[in-house]
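After this come two complexes, each holding subunit A, first together with subunit B and then together with subunit C.
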Partner chain A sequence: MKTRFEDEKLKWIPLLILLVFFFPFVLKSATFSYKYYLYVINLAGIYMILTVGLDILSGYTGLMSLGHAAFLALGAYFSAIMVDQLGLPFELSLILTPMLVGCFGFIIGFPALRVQGIYLGLTTMGFGFIVKRLIIVFNEWTGGSAGLSVSNAKLFGWTINSDWENYFIIYFFVIIAIIIGRKIVRSKLGRAFMSIRDSEQAAIASGINLAKYKMISFFISGSFAGLAGVLFAHTSNFISTDHFDILLSIYFIVMVMIGGIGSIYGAVLGTLFIVLMENLFIPLFEDGLSKFIHLETGDFQAFIFGLIMLIFIIFQPLGLYGMWLKMRIYWKIFPFNPRKRFT
Partner chain B sequence: MTDILTGLMQETISGVALGCIYALIALGFTLIYKATEVVNFSQGEIMMVGAYMHFFFLNQFVALTGGLNAWVFLLAFIGSVIFAVLFGIILDFIINRPLKGEPVFSIIMATISLAIILRSLTAMLAGPLSLIPISPFGDHTFILGGVVISILDISIIFSAIIMMSVFYYFFNYTKWGISMKATSADSEAAQLLGIPVNKVYRYVWIFASVVGVLSGIMLAPRMALIDTSMAFLGLKAFPAAILGGFGSIKGAIVGGIILGIIETVSLGTLSFYFPWIKEINDIIVWIVLIGVLMIRPDGLFGMAKVKRV
Partner chain C sequence: MKKHLFRTLYASILLIGCGNQTPSPGVTDEEILIGNIQDLSGPIKELGLLIPAGSQMYFDYINEQGGVNGRKIRMITEDHGYNPQKSVTAAKKLIEKDQVFCLYNVIGTSPAEAIRPILEENGVPLIAPATNSSTMSDMSRKGAKYIFHTDAGYDLQTKVLINYILSKNPDAKIGFAYQDDDYGENALLGAAEAERMNGVTVQKESFQRGATDFVGQTSNFMKGGCTDVIIGGIVREPVTIMKTAQAMNYKPNFYGLGPTTDKRVGLLAGDAGEGFITAYWAFHPESNNSGPIFYRELCDKNNVPDKMRGLYHYYGFATAFVLVEGLKRAGKNLNRQRLIDALENFKNWDSGVLPPITYSRNDHAGVESVMLLQLQGGKQVEITDWID
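What follows is the complex of A and B.
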């Protein structure tokens, strides 16, 4: 018998796996410059793993984090040090690093027991700055501000060294992250998170240990980001503190929000939307435009990016997932739509 | 020993000057947060636009009159303030009006995208050049009891004091100031009492824009050059607003000044005597912030919200 909380959506997953698996072959046959597209899509995949974790923290538990780039950085640097300098196998780092970064999430969870809302956001932002500085201070290990080159991932004797191979390894983990994320939010854990988000007082009254569940939420979110960091380090082969800027943390929150906060699929969609828009559509659009007028490239791209986002938010304040929900309701009650409610 | 003391004195004075600017930026955050519960991520960008506009006006008026005198500075100042008011009205139309009644996080996202737009648009219009600003009070220094004091710092401190007194008067004794306070305390109750809440929101955005532009004008001469990275100072003023308690005007001012002093003192004397501080001077502010928040989770002057189930 199906309970109310049992997940029916997982029947989508085999279809998703097929789609993800055949996508690069379609891309390869469709265009010559598929390598760059794959690179961008890989980046989106890494960020997706992170935003799924961020969504569990911010969307489901209601704890704002403005420092998630720091978790990404920790994951990347831990894995790079473990594999290259301590000589551990990549497979071990793949398991150990998320755990380690999750423990850091645990530490950051301590202020969350007292501090709330925007204060917590700023605490995590401070954590982001502190981590960035510490990476530069420990320069014997991390290479300081000059950056650190990282070896390719070796998985069971198979060296992964092209965007093509990266794609499969990254999206393998993306699908696992999505499944785990869905499972978590539909379990007892996820219901506890949501009740904390909706009302802490009510959660305490119904016997939820606030401290425990907030810490668990930070741990889960941290380990997702750690996993993303491992993949980031070993697929991009070079990491420096510039990759983990404070603006990136803000972008992560924007990705989750634009997808629709409090929905795993929303986080994935939002990440795909932002990364593709920033790295593919706007440069293409600008290429088209540069035939007519001369423009400063970087600033113009940022300008269009900001403009599209602003317009999108003004017309669709609930994000992509909200748009999808509206569409679904529209078709469900199709012939009897009340007017003016669906715009 | 006296060396340390004079050093500390000197850095404290310039720290207070820097802190006054942080306090003004933090005031902008605080105003908007108080009235609308929106965290305005574009306050630093508004400040940057203000600095650019003041420079632009100054250039234009110098070209018109052919000389640099007090009147030119005054005109440029008035021009920037008028621009700030218009800018605030535009911001109200872009951000506040269309998103009325939407969840707060949508409005926060709108301010983030506004920040991106302002930063890139300024870079596009002004070009990649960095501009060298000038202060109307010059940049002489004088020595008072062994402490070297720059006129620039003194002028910043005095103009900040004047501005803060004006704000204090405005918020506590004028009709609009009191209705802003009422709206921020409880917007529905304020509406019932006949306060035009929408208008108050518009005035809040105008006010935040004016504060941002003024802090930009004050900060510019201290920066040695203006470029778009100035906007990131907005992120540095965040801890100031948080330290004092987000949503408290007194807190923004005290928090700003405390952080300004911490920053300059740790950069100067302390890092001279304790070399390890030099390595972490840019995160000391954040460590202090986290420490304070662990003891007082709502900042120094913030009030804990009473929650009803």
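What follows is the complex of A and C.
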């Protein structure tokens, strides 16, 4: 069985790595306020790691999660506590935290054995609320709702303390996450996930242990979110419960949807699109538009966001990656396109 | 490729070099650019409209008078939706992209806390973070030397209220309803201090931010025999608690922290709110001091609608005084360090809008006294002088 989008290959990776490596240099020479843009790109990178994991869970295994902000929060707080309060090295936290958060994913996987669809969404959403309350309750460790300051990441004696350095460390892990994600979905594990997504009955009939694979999927997804959390905590230097709310979880779903659910590259593209949209393009529109009509910033952002979502779901349900694939196939068979197939 | 890379690197080094030579970003011969980060889409978005409107009113007045040392003040407002991460994004945008001279009025405790590393990294002053939490003026924290707090802390407000209650009635049994977040946490510090000073125990009941039902807390206060209840909420909380108590026929004296001084409390609570005492740390906008009178004159001149006037609009107006005075004293050759030095030389500076303010190198706390106001016949009346 092949993936949903058949012609994805790893040959993209070296090109991607080159592009990612030279991007900040180009940016630096192009604009003076490159630090701000780099910061936005870094944020997108952290979310990319998470959405790749979310895509494995939602896109490949077909399990809905509205609790991924909570996994991100767990990763961030675990790492902050381990490094700053228990004095463990950052390198160790990079390995331990994703494992720990993965275990939480494993636990959340239990209800997934019984409930499906929107009910699973609600269960994971409940998990999000519980985590938020727990962070407030354990305020001796977490600083409660006043938030927690986090130290900079120290990697093998090298302190990472600027957006420039953050960029390289974050995108190193983004590339690793993409490669691991691609490996997983093309392995036996990934095929099991996809068969569960397509039909649970058929999967059982072909000898797939439903419980085992669903929980593994949650574990993997949780680990990715945990890794994103570690990077989030140590690059933004401040974490607080106000950030990890239900809206952020919905955002993650939107990123995966717009990118093209069921595709690793799609998740990456969607994340980049949403984060850039929110921080760079919408403010630009807004500046232009506010000359003609009076709008309040908050309202406008929500309006544009909703509009994009609607347009994508109605006209492009396969997302950005689906769009790209269609274009590619269109040009491959160019003069012989069957009518009405690519509209 | 290699050659190109070197060229790019060389160009970027040149660019950085140019950057360092500019005396201070955000200041030109005509203009001073300042950045404001408000909640325009989150849980307290109504404040996000009122506070900058109040500040803008004063800046407009100053600009009409010819500006500060010949420079007009221009304010850019960004939204953070009460999300610390968005607050960081907004601060980075303002500092690195828009190149503002300083930040002013970042609303909320956690959003303001989140930008400490950025202030430190770029050496950008933040004047009047719009939160009463006293952690903002804690000089041991990161970036503290760039933050100039104006508000009296929640801890001080709570302490003053408890001391006031005990001075009126030494046998009082005090109840305290607090929000279980940074606001409440800071207020609890003051309660703990007052408990130690007076050797009493305060009955504490928590509620969640955004709660609408207070029957549990109110009946606990009633069971505990509390004669005086302090409410650490904003508007809905004191109104609901007082109305609930009235319905239960439970009649303690009610008190509230700074944010409950809103005039809507009196309007909504009706006779249940009669006698409600609040601790407030600026002159009341309706009072007859020079600052509030000037405020009302400006409001009339600019046709500010009645529903906008009040506590929060006045807050923006009052804190703008501090910023403008700092800019004036920093002189014609304005840069960030000069602004910091100028502010640190405030000695009992009497603005008329706020109680006298003193800053020094080791103290960025600003207002350190509060005044008690009482709701009498639906109007807030000053019942004490400034209390430390």
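Here, the second predicted complex is superposed on the first by the 326 of 343 C-alpha atoms of A that agree within 3 Å, B and C clash if a C-alpha of one lies under 4 Å from a C-alpha of the other, contacts with A are read in each partner's own complex, and residues count from 1 in each chain.
Keep this in mind: contacts are C-beta pairs under 8 Å (C-beta built on N, C-alpha and C of every residue); 3 or more make two chains touch, one makes a residue touch a chain.
Everything quoted here is computed from the prediction, not taken from an experiment.
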Note to self: Applying the document's definition of touch, where does A:Lys188 land relative to subunit B and subunit C: first, second, both, or neither?
What the structure shows: neither
Next item on the list: For A:Lys212, select first, second, both or neither according to whether it touches subunit B, subunit C, the two together, or no partner.
Entry: neither
Margin query: A:Met125 in the overlay: touching subunit B, subunit C, both, or neither? Say first, second, both or neither.
Written below: first
Notebook entry, point to check: Looking at the overlay, does A:Tyr36 come into contact with subunit B only (first), subunit C only (second), both, or neither?
Noted result: second
Notebook entry, point to check: Of the two partner chains, subunit B (first) and subunit C (second), which one does A:Asn237 touch, if any: first, second, both, or neither?
Noted result: second
Note to self: One more residue to check, A:Ala302. First (subunit B), second (subunit C), both or neither?
What the structure shows: both
Checklist line | On subunit A, positions contacted by subunit B and by subunit C | finding: 296, 299, 301-302
Item checked: Touch list for subunit A against partner subunit C, complex -> 22, 25-26, 28-29, 32-33, 35-36, 39-40, 43, 136, 139, 144-147, 149, 162, 236-240, 242-243, 245, 279, 283, 296-299, 301-302
Margin query: Which residues of subunit A touch subunit B once you look at their complex with the stated criterion?
Written below: 111, 114-116, 118-119, 121-123, 125-127, 129-130, 133, 137, 199-202, 205, 246, 250, 254, 257-258, 261, 296, 299-303, 305-307, 309-310, 313-314, 317-318
Check: What residues of subunit B sit close enough to touch subunit A in their complex?
Finding: 33, 39, 41, 94, 98-99, 102-103, 105-106, 108-110, 112-117, 119-121, 123-124, 128, 235, 238-239, 242, 246, 279-280, 282-283, 286-287, 289-290, 293-294, 297-299, 307, 309
Notebook entry, point to check: If you look only at subunit C, which of its residues touch subunit A in the complex?
Noted result: 5, 8-9, 11-12, 15, 19, 40-42, 45, 48-49, 77-79, 81-85, 88-89, 92-93, 95-97, 99, 109-111, 113-114, 116-117, 121, 133, 135, 141-142, 180-182, 185-186
